[in-house]
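Read through the structures below before going on.
Heads up, the next two complexes both have chain A, just with different partners, chain B and then chain C.
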Partner chain A sequence: MHGLRLTAWAVLAFLMVPILVIIPLSFNAEPYFTFTEGMLSLDADAYSLEWYAEIFNNEKWLLAIKNSFFIGLCATIIATALGTFAAIGLSNPVMPFQRVIMAMLLSPMIVPLIITAAGMYFFYTQLGLSGTYLGVILAHAALGTPFVIITVNAALSGFDHSLMRASLGLGAPPIYTFFNVIMPLIRPGVISGALFAFVTSFDEVVVILFLAGPEQRTIPRQMFSGLREQINPTILAVAVLLVVISGLMLLTIEYIRARGERIRSGEI
Partner chain B sequence: MTDAPPAGNSPTTNDQYVRFVNVKKSYDQRNLVVKDFNLDIKKGEFVTLLGPSGSGKTTCLMMLAGFEDVTSGSILINGEPVTNIAPYHRNIGMVFQHYALFPHMTIAENLAYPLKVRKISASEIKRRVNESLALVELGSFAKRYPGQLSGGQKQRVALARSLIFEPSIVLMDEPLGALDKNLREQMQFEIKRLHEDLGFTAIYVTHDQTEALTMSDRVAVFNDGIVEQCAAPEILYEKPANSFVANFIGENNRIPGTVTRIENGIAQVQLADGTIATTGNTNCPPEGSPCTLTIRPENLFIASTISSNDALDNRSLENSIEASFTTRLYVGDSIRYFFKLSSGSELMVKTLNDHRAPVLQRGAMTRLTWSTAGGLALDRSE
Partner chain C sequence: MPQFDLTTNSNKVQSVLTVEEMAQSRKIQRRRKLIAFAFVTPLLVFVMIAFIAPIGTMLYRSVYNPTVAQLIPDTLEALSDWDESSDARPDDAVLNRFAVELRQLAIDRDSGKLAEEINRGLPGSSSVIKATGRKMKKMDPALLSSEGASLLIATKPQWQTVEIWRVMKKSGAIFTDSSYLTALDLDRNSDDEIVPRDTQVYIQLYLKSLKIALTITLLTALIGFPLSYYLATASPKTANTLMVFVLLPFWTSLLVRTTSWIALLQTNGVVNSVLQYLHVISEPIEMLYTEFATVIAMTHILLPFMILPLYSVMKGIDPSYLRAAMSLGAKPIPAFIRIYMPMTVPGLSAGALLVFIISIGYYITPALVGGTDGQMISNIIAFHMQSSNNWELAAALGSLLLALILLLYWIYDRLVGVSNIKLG
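Up next, the complex of A and B:
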């Protein structure tokens, strides 16, 4: 029993320490990636917020943050709309070739990203989309859509299809039915899918390396070049902000999921 | 199908409020699920589509509601073909087996839904929702969610919701299938009451024959995509069109035989062991054809139990046959006796549990008797 508990903690440490270790380092007063003696002896002077201030004084970082949110939000909207409609269509029992279509739609999750990115690079260049915001947004939307399909599909698995017929029979046209009956019931799935799609875009660097020009640099892309050009803890400060944002999203997803479960079991 | 309506557009009357004309349905373009369905329904009538599962009855209901396309033929409501009208423009109320209440809306919101869609004013919606809640005796449940209601309460809400927009036709697809037996009887009563009070035309689908007989003005018995018979409950029970209907509605004893003579409305049947029996000739196959002699268990009597001063003597029991007793089942109000004929057919006699109920030894030879009117000679397909 003791050994099992120890193993569990070891696994947790293995997963979390590389992430947690950057948090104190990002407050380093010195421009190094290592713990100074002052930090280890918990000397207040060894810590500072200067790298956080640096983010907001540096135009490159500000552009990257703006780009990340802009591209992420646009890609999320497209991915959520496409993924939701795809999942609803696929959940219809009379839909032929369901499994094949599902597998094809989910393939961007399985195919190595570098292959998808290379394919997109050649394809989008032909269309004149590489190095444009539209190109990056479409590419990220394509990567995010499978997540939305999966979460909406899961939300629909408990969906009683006679509700749609009931709504139509009561006189509601299909669009009214979609917004008043289907959407409220699958909303938790749609929202968590949208969050996944956003995080996918927010974290993505491979496709950006292939498709984005200097105009479209996102936070991960800026970190990537930061690692080569000017090694200083600003990257760590950005990384901490990303961890915080990701953590908040995880909590949101969990809250929505638990709430959705309560609605489904009828005890709001 | 006993009385098929003439095809084509004859002038409509209230007797042909809903019409199915030569309706066929196939899901895979190969097998017909519904094969040439014809039915005229009167305004205000309560018609039940009864049949085993997979016999096409629900498909007919879904085609009328507009949820399934018609492969060929036409469906008319009040003389108008509806085949090309979208379900949300048909104005037909529908009750589903699993209630289909919107789980994210309160009971009041569920009831208000069809009225909101029709853009009725808020005050009018409020008035009608309250009226409707009172109608199904759920006034105090307005603010609850469907998940907080019992099965019977949910079905009452579903019923109220299908009626609140005052449709002239209400379809019910096995609405009581998910309820337990006591609740089912109570709900049958409730549906009947609402039908009588409000006067809508009801089309009801069930596989429960008791439900069909107790509630309906007419019952259409489905089997494998065709209607075997469509008639009032007492006709179905007493004068079934064929042996499928005779077996599906109520219990029946069946003895194979051959029609030897039909004369003066009486058919003569020779059974396998040589016994000659007489029956009424309702739906009897022609002379010389094989037939099934069917006798309801309550029309068959054990001869030794009939004493000379018994009231039953007033009815002449013309027919009799020798049978050996196998076993009996004690039901409570009645007792079922099982017998075997020398030809191998098994018979059942249902007797009231009173002083006449005999005690028999296993294997004892007994005479069973029945009247000419108590049996029917129906088709036998082999």
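Up next, the complex of A and C:
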């Protein structure tokens, strides 16, 4: 048992150390990716906030931040709306070709991004959508939908479709039925699906590399070229900010999940 | 009394319904199906246009190459009467027409495109075409249409050979399997037989990608298993707390994690410094930009995909099985291997397939930390898309990769069921 605990902690360290190590490095006063003598002897002068200041003084990074949030939010709205509806239809036992359609709708998650990106480059260029916000948003929305389907589908397990029919049969308009009968039951699934869809877009870089023009540069795209061309600790500062954002996302998801479990077990 | 069966047996319900009622029931059933379908349709249409159509275009591009046909339509038309199996080059009339077309291409600065395409079929011909193009540019088109053949041959003797014309005619085909042949390291010889190429590139690369993906899968299983087991057997409070350490990396941007590995593995990086400080090594080891960097960074990135399904399966295993085996006299280790491990197979196979499917098509991490020997098949696809502009080959390589992934996806669906995928 002792050996097991040691192994488990070693694996946890392997998971966490690479993420934690960039935090002190991002406060490096020197323009390197390494710990300096001064940093190790905890000399205050060896640390600085200049790389964080650099992010907010650099137009490229500011544009990238703006783009990431704009593209991410637009893609999330499309993916969540379409994915939620589709999941409701797919969870209905009478749905024809359920398995085939499900496999097809989940395929954007499975197909390697390089293939998706190459295909989208060919196809979107023909439609005049490459190098436009619309093109990037549609591409990211398509990549996010599988996650919405999966989470909403899970929230719908045990959903009684006769509730919907009952509401409609009693004269409620379909929109009222959707927002007041279905939505309260699947809200946790919809929110976590939306978060997944947002993170998918927020993280995505391969499709951006092929499809986006200089105006649509996002944070990961900016990091990618930074890592390829000129490595400097601004990237580390951005990385730390992204870790903080992922931490917040994780907390939100866990809160929603715990709440959803309590709702299902009847505590709330 | 059939009426009493109404609530218990739906088959009997039908038997007591009249014909009209049955028609009515079918109609309602159809209506429900339509409603369910109406919910799915918007997304289905969206995914068809935004995702399936692009993939279809890529498959199409792998056999469709109109470049040469668009560049020299006149020459190709003239070449269609020439028998490429003969030992004589096409007659002067064909060469004249080509000389005129090449002159126009050189003026439009398109002769480089033609050179690039023909060079793929006949290495070395690029300079022949470019040099001839520059010469033809200065000529009078009227002269070329009568004396083009001799002028071509005077510029470069290669125009006298049969080889270059064979390749020109072959490259002129709009639909071709040549990209697939290249992608599989095959070629057509002059007798139209399919033979292996002298230099094997892509098969090696596929095998290497498979090897890297398999290594990563094994590593994630090897180090994911003990952690999952520890989490599954720990108290719920400990497990929930420690789970954060698995989920935080899972939620962290993959660019961030790749950046971290660059910081860790570079020559003056953290790993080398620590090893030197501990006197394990005296000189820094080159770890970044190697296959090792690709494998370790991707193992880190994909580990949560192994742990999450494994953990959820292990949590459902009743520990009393193991206790029962041991109380019946089994030693702990054989009991663990023969009783507990088989029950974890569903989680292990789900995690392994997921990790394998994701890693086989990985692009970003190998591109950033892999150097030259840590590149995978995706990187060469990106290279042919962006640098060499050989889109047909990129599409053919992508299609083969897609076929492999879809096969694995199908197996995953059989084994695990795609609708059983859980997140977080």
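Keep in mind that, in the parts below, the second predicted complex is superposed on the first by the 267 of 268 C-alpha atoms of A that agree within 3 Å, B and C clash if a C-alpha of one lies under 4 Å from a C-alpha of the other, contacts with A are read in each partner's own complex, and residues count from 1 in each chain.
Convention: a residue touches a chain if its C-beta (ideal position, glycine included) is under 8 Å from a C-beta of that chain, and two chains touch if they have at least 3 such contacts.
Here the structure is a predicted model, which is why all the values come from computation and not from measurement.
Clashing of chain B with chain C is the outcome of superposition onto chain A. Of the two partner chains, chain B is the only one touched by A:Y176; chain C is not. Put simply, more of the residues of chain A are touched by C, taking chain B and chain C as the two choices. By the touch criterion defined above, A:P184 lies against chain B but remains apart from chain C after alignment on the C-alpha atoms of chain A. In the superposed pair of complexes, A:I114 makes contact with chain C only, with no contact to chain B. In the superposition on chain A, no contact is made by A:I65 with either chain B or chain C. Contacts of A:L73 after superposition: neither chain B nor chain C is touched. Legend: residue contacts after superposition of the two complexes on their common chain; A:D160 is shown touching chain B, with no touch to chain C. After superposition on chain A, the stretch of chain C whose C-alpha atoms clash with chain B is 6-14, while the remaining options among 6-14, 222-230, 240-248 or 348-356 stay clear.
Residue ranges on chain B touching chain A, taken from their complex, read 65-67, 86-94, 96, 98, 100-104, 113-114, 117-118, 145-148, 161-162, 165. By the touch criterion given at the top, residues 29, 32-33, 35-44, 46-47, 50-58, 61, 223-224, 226-227, 229-231, 242, 244-249, 251-264, 266, 268-270, 273, 300, 303-304, 357, 360-364, 368, 378, 381-382, 385, 391, 394-395, 398, 401-402, 405-406, 409, 413, 418-419, 421-424 of chain C touch chain A in their complex. Within the complex, the chain A residues that touch chain C are 4-5, 7-8, 11-12, 14-16, 18-19, 21-22, 25, 32-35, 78, 82-83, 85-86, 88-90, 92, 94-96, 99, 101-108, 110-116, 118-124, 126, 138-139, 141-142, 145, 147, 149-151, 153-154, 192, 196, 199, 202-203, 205-206, 209-210, 220, 223-224, 227-228, 231, 235-236, 239, 242-243, 246-247, 249-250, 253-254, 257.
The touching residues of chain A, when paired with chain B in their complex, are 160, 162-163, 165-174, 176, 180-181, 184-185, 263-268.
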